[in-house]
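The following pair of complexes shares a single chain, chain A, combined with chain B in the former and chain C in the latter.
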Partner chain A sequence: MLNKAGREIPSVIPGLGEVKLYNGAFGTIPTGRMVGPKIALNKPRSEKLVKSIDQVIDAAGLKDGMTISFHHHFRNGDYVLNMVMEAIARKGIKDLTLAPSSLSNVHEAIIPYMDEGVITAVETSGARGKLGKYFTEGRLKKPVIIRSHGGRARAIECGELKIDVAFIGAPACDTYGNINGISGKSACGSMGYAIVDAEHADKVVAITDNLVPHPLFPISIPQTNVDFIVEVDSIGDPKGIASGALRISKDPRELKIAEYAAAVIEYSGQFKEGYSAQLGSGGASLAVAQFMKEKMIAEGITGSFGVGGITTPFVNMLEEGLFKMMYDVQDFDIPSIESIRKNANHIEMSASYYANPHNRGPIVNNLDFVILSATEVDVNFNVNVITDSNGVMMGASGGHCDTAAGAGVSIVVAPLLRGRLPMVLDKVQTIVTPGETVDVIVTERGVAVNPNRKDLIDNLKCANLPLMNIEDLQKIAYDLAGKPEDIPVTDEIVGVVEYRDGTIIDVIRKPV
Partner chain B sequence: MARMRRSMMFVPGNNPGMLINAGIYGADTIIFCVEDAVSVYEKDAARQLVANAIRNIKYPCEVAVRINHISTPYGRDDLAVILPAKPDMIRLPKAETAADILDVDEIITAAEKKCGFEAGSIKMMAAIETCKGIMNAYEIASASPRMEALAIGGEDYLADLRTSRTTHGDEFLAARSQIVVAARAAGIQAIDTVYSDINNEEGFRNEITRIKELGFDGKSVINPRQIKIVHDVFAPTQKEIDHAERVLKAYEEALAKGSGVISLNGKMIDGPIVARAERALAYADALGMRKGAK
Partner chain C sequence: MVKITKPAQAGTVESNDIMVTVAPAESGSGIVVELTSPVIKKYGKQICAVIEKTAKDCGIQDALVNANDKGALDCTIEARVKTAIARACAGEAK
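After this line comes the complex of A and B, so read on.
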């Protein structure tokens, strides 16, 4: 059946059963109630400390067929997921669903456990490298479920993703289970994604390399959510957890794109005192921060809040008073971790507060602007950030569709050509973010505004920007590089892309 | 009015990625280089690449090619391959005499005829990089009607002068002054040399300010990040824009009335003042500084 994004989706998908089809960005009215964890009894002076990961797996009652979760705040420096999976595999537990908030290249180490049937299903934000290739080859028993950050929080809170045991890497944890991410050798800053898991999993295990006396303060995840604590030598490699300060790009093409994106913001009609923004963390989107800063200073405008994915350029704007607050779901570099530790206006938030479309209102609903990147876009403004030009998974959904839906003006920045490949296609290979929620596409050769946004088209006319319709932008790319051939795919569905509301916006079919 | 050449950006002719993207940065002119940026082993490939880029890519600006000097083993081959692609301009490096210009002019004339291009449609500019060239600057500038601009090639010139770069730039004083005067006398433009410390924005800005005051029309740049800075410095102030608009209005009114003497606020307006006003407004329009203008 065709869904509302124009994609052919079977109503029953092998391994997943019947699915709900995408019905427009706000076309699904949720029913039912939010779910909670099992009720627990913890007697006074009970002991939560368990000696080893092996023991805690038993204590948590992990069995065949259950669902386990992890957070990805340690990114490519994470030791926890591999460490726990190694112990689980040794115990002979099988048929688990692995539901981390995202996966990094370091987690390639778990591929043997997938081959052995320890893990038979994965629900996450995305995958790259060998893991992405593994999933795309259809080697798991079930198709991978790709969720956005907001969509994952929603799935957990409404019970679609029921976590039996959440394993939470804890940079600081006290002896009764209070956790934060801001101290210790493996500090990662915000614990935003893990907060949702801790609130809803039936059993919650803290794994820490920094066990401190009770009580720990500040608290990101409270003792009321934590069942067990295990102390290990190390939960992560600081070099992989956070980089040094992220710097603004010097790539002239990225700077050109950023300059145009900043002009879109400036002339949009919404760039005024008290505005709010989320800026990305990569290349061109990060560079927008520099141009915005100059415009804010020049015009004497201050923002009410920033959202992220926090990076050094954003932290600098907070410190210089250009934004009043930062809402932080994860930190990308060391100065950002420092900032959340020290600055009272730099506030940790959960993934649900950030982006869950089915709570009483996530912060993305208050955003005026978001800058997003893209792997490819199409003439209907749909965006792909998950599969590459061979149809192989190589990215992550992240907060892309959440912020695009929430922000007043969603701006996608991408080069028009990557090497020899045009990036404005007739149809993106995989839709992650539907075109109805994307307002402007900015490339180095032209800026296209969604025809639905007549207000923006009018406002941007005096911005000295190379405005054009999306078909003309595509023609520039096709004239230079030719029209790319479709990627031949089989009928086998190896992944489904859930929209943030739990409907299926697209599927990933195994390439031929 | 003469074409604006505030920024003339060098692009190595042997780099396909840079050739494809060269037009996106807003330079007034891009100069594909098959001379110093390209090693002797890649000269043939680079000139083919540049010719094909000019044929197949629609650049939104003037496209020039810096060929090797025709006294080298490469210069004539460069012209033979590149001229049929019809670049807007050929830049001859290391020009020392009027004869250098005439030699290239002759080859271009033949190529225009052979390819069926309009006679004189391919322009020329020359870079002077030696003291002898500086002494012959006016003859070089006026050697051919194709000549549109004169530039300094800084590093070679300083080596010939037996000095080196300073932060204050006095080492270029004689050459810059001579180039501007010679170019103006010949009725063509003067373009300053590159500034290679691309991360030193302040130094770059100071240098552009200085050469603008000396009378230069523009500057050679080697990195797209330098373009905006050049254009910023050449941008007129709002006061200058307002004045230019009033000058042109008075000029047009006088023309309409058939009045011989034109004045604004009691001051005479003559040809050079009108030309300056037109130039200021062209710079302003290029930067989108005038609301409601084209």
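After this line comes the complex of A and C, so read on.
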């Protein structure tokens, strides 16, 4: 059946059963109640410390067929997921569903456990490298479920993603299970994604390389959510967890794109005192932050809040008083981790507060602007950030569709060509973010505004931008590169892309 | 008709370039293209067509062409093929 994004999706998908089809960005009204974890009794002075990961797997009662979760704040420096999976595999447990908030290249070490049937299903924000290839080849028993950060929080809170055991890497943990991410050698800053897992999993295991006496403060994840604690030598490689301060791009093409994007913001009609913004961590996004800062100072405008995915340019604006505060679900570089540690107006938030469409209102609903990157866009403004030009999974959904739906003005930045590949296509390979939620596409050769946004088209007329129809933008790309052929795919569905509300917006079919 | 007398090469393996190697082939074998490219699924046919057409326009009928593409545009492919052929035919009396 055709869904509302115009994609042909079977109503029953092998391995997943019946699915709900995407019905517009706010076209599906949720029913039911939020779910909670099992009730537990922990008597006074009970011991939560367990000697080893092996023992904690037994203590948590992990069995065949269960669902386990991890969080990706340690990014490519994560040791926890691989360490736990190795212990689980040793015990001969099979048929697990792995549901991390995302996967990095470092996790390709778990591929053998998928071959052996230890893991037979994966639900994640994304996958890159060998893992992305593995999933695209359809080597798991079930199709991979791709969820946005808000969609994952929603799925956990409504019970669609029921976590039996959550394993939480804890940069600081006290002896009764209070956790934060801001101290210790493996500090990662915000623990935003893990907060939801800790609140809803039946069993919660903290794995720490920094066990401290009770009580730890500040608290990100409270002792009331944590069943067991295991101390290990190291939970992550600090070099992989956070980079040094992210630098502003010097690439002239990225700077051109950033300049246009900043002009879109300035002339949009919403760039005024108290505005709010989320900026991505890509090269062009960081440069936008720099241009915005200059405009804010020049025009005497201060912002109310920033959202991220926090990076150094945003921290600088916070510290210079250009933004009142910052909501943080994840940190990308060392200055951002330092900022959440020392700045009272740099606040940690959960993935649900960030972007779950089915709570009483996530912070993305209050956003005026978001800058997003893209792997491909199409003439209907749909965006792909999950599959590459060969149809192979190589990215992550992240907060892309969440912020695009929430923000007053959602701006997608991309070069018009990457190598030979045009970035404005007839149809993107995979829709992650529907065009109805994308307002402006900015490339170095031209800026296209979604025809639904007549207000923006009018406001941007005086911005001295190379405004054009999306079709004209596409023509420039096709004239340079030629019209690309479609990637031939089989009927086999190897992945489904959930929209943030749990409906299926697209599927990933195995390429021929 | 121009005849390729020795193998020759043009281009680099930088992004957006293509490294083209042309070598002599038996008479009647035509222009045989071996292509590797990150965009082979989307542009493989077109790249091969541009290589063949450029070679024929240069008067070549038989050649073995090895093309290591890194996302070059047609204008780049054409230039690299022409240069490789010129080098491969150098010294031949016109």
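Here, the second predicted complex is superposed on the first by the 512 of 512 C-alpha atoms of A that agree within 3 Å, B and C clash if a C-alpha of one lies under 4 Å from a C-alpha of the other, contacts with A are read in each partner's own complex, and residues count from 1 in each chain.
Here is the rule we go by: a contact is a pair of C-beta atoms (placed from the backbone, for glycine too) under 8 Å apart; a residue touches a chain by one contact, two chains touch by 3 or more.
Note that the structure is predicted; figures quoted are calculated from it, not measured.
Of the two partner chains placed by the overlay, only chain C lies in contact with A:L421; chain B stays clear of it.
In the superposition on chain A, contact of A:L480 is made with both chain B and chain C. In the superposition on chain A, A:P252 makes contact with chain B only, not with chain C. By the touch criterion stated above, A:N464 is placed in contact with chain B alone, chain C being left untouched. Within the superposed three-chain model, A:K324 lies out of touch with both chain B and chain C [touch as defined at top]. Contact with chain C, but none with chain B, is seen for A:S389 once the two complexes are overlaid on the shared chain.
On chain A, the surface touched by chain B in one complex and the surface touched by chain C in the other have residues 419, 480 in common.
Those residues of chain C that touch chain A in the shared complex are 15-16, 38-39, 41-46, 70-74. Chain B contributes residues 17, 20-21, 24-25, 57-58, 223-225, 228, 287-288, 291 to its touches with chain A in the complex.
Residue ranges of chain A in contact with chain B, taken from their complex: 250, 252-253, 255-256, 259, 417, 419, 444-445, 462-464, 479-480. Listing the residues of chain A that touch chain C in their complex gives 389-391, 418-421, 480-482, 484-485, 487-488, 511.
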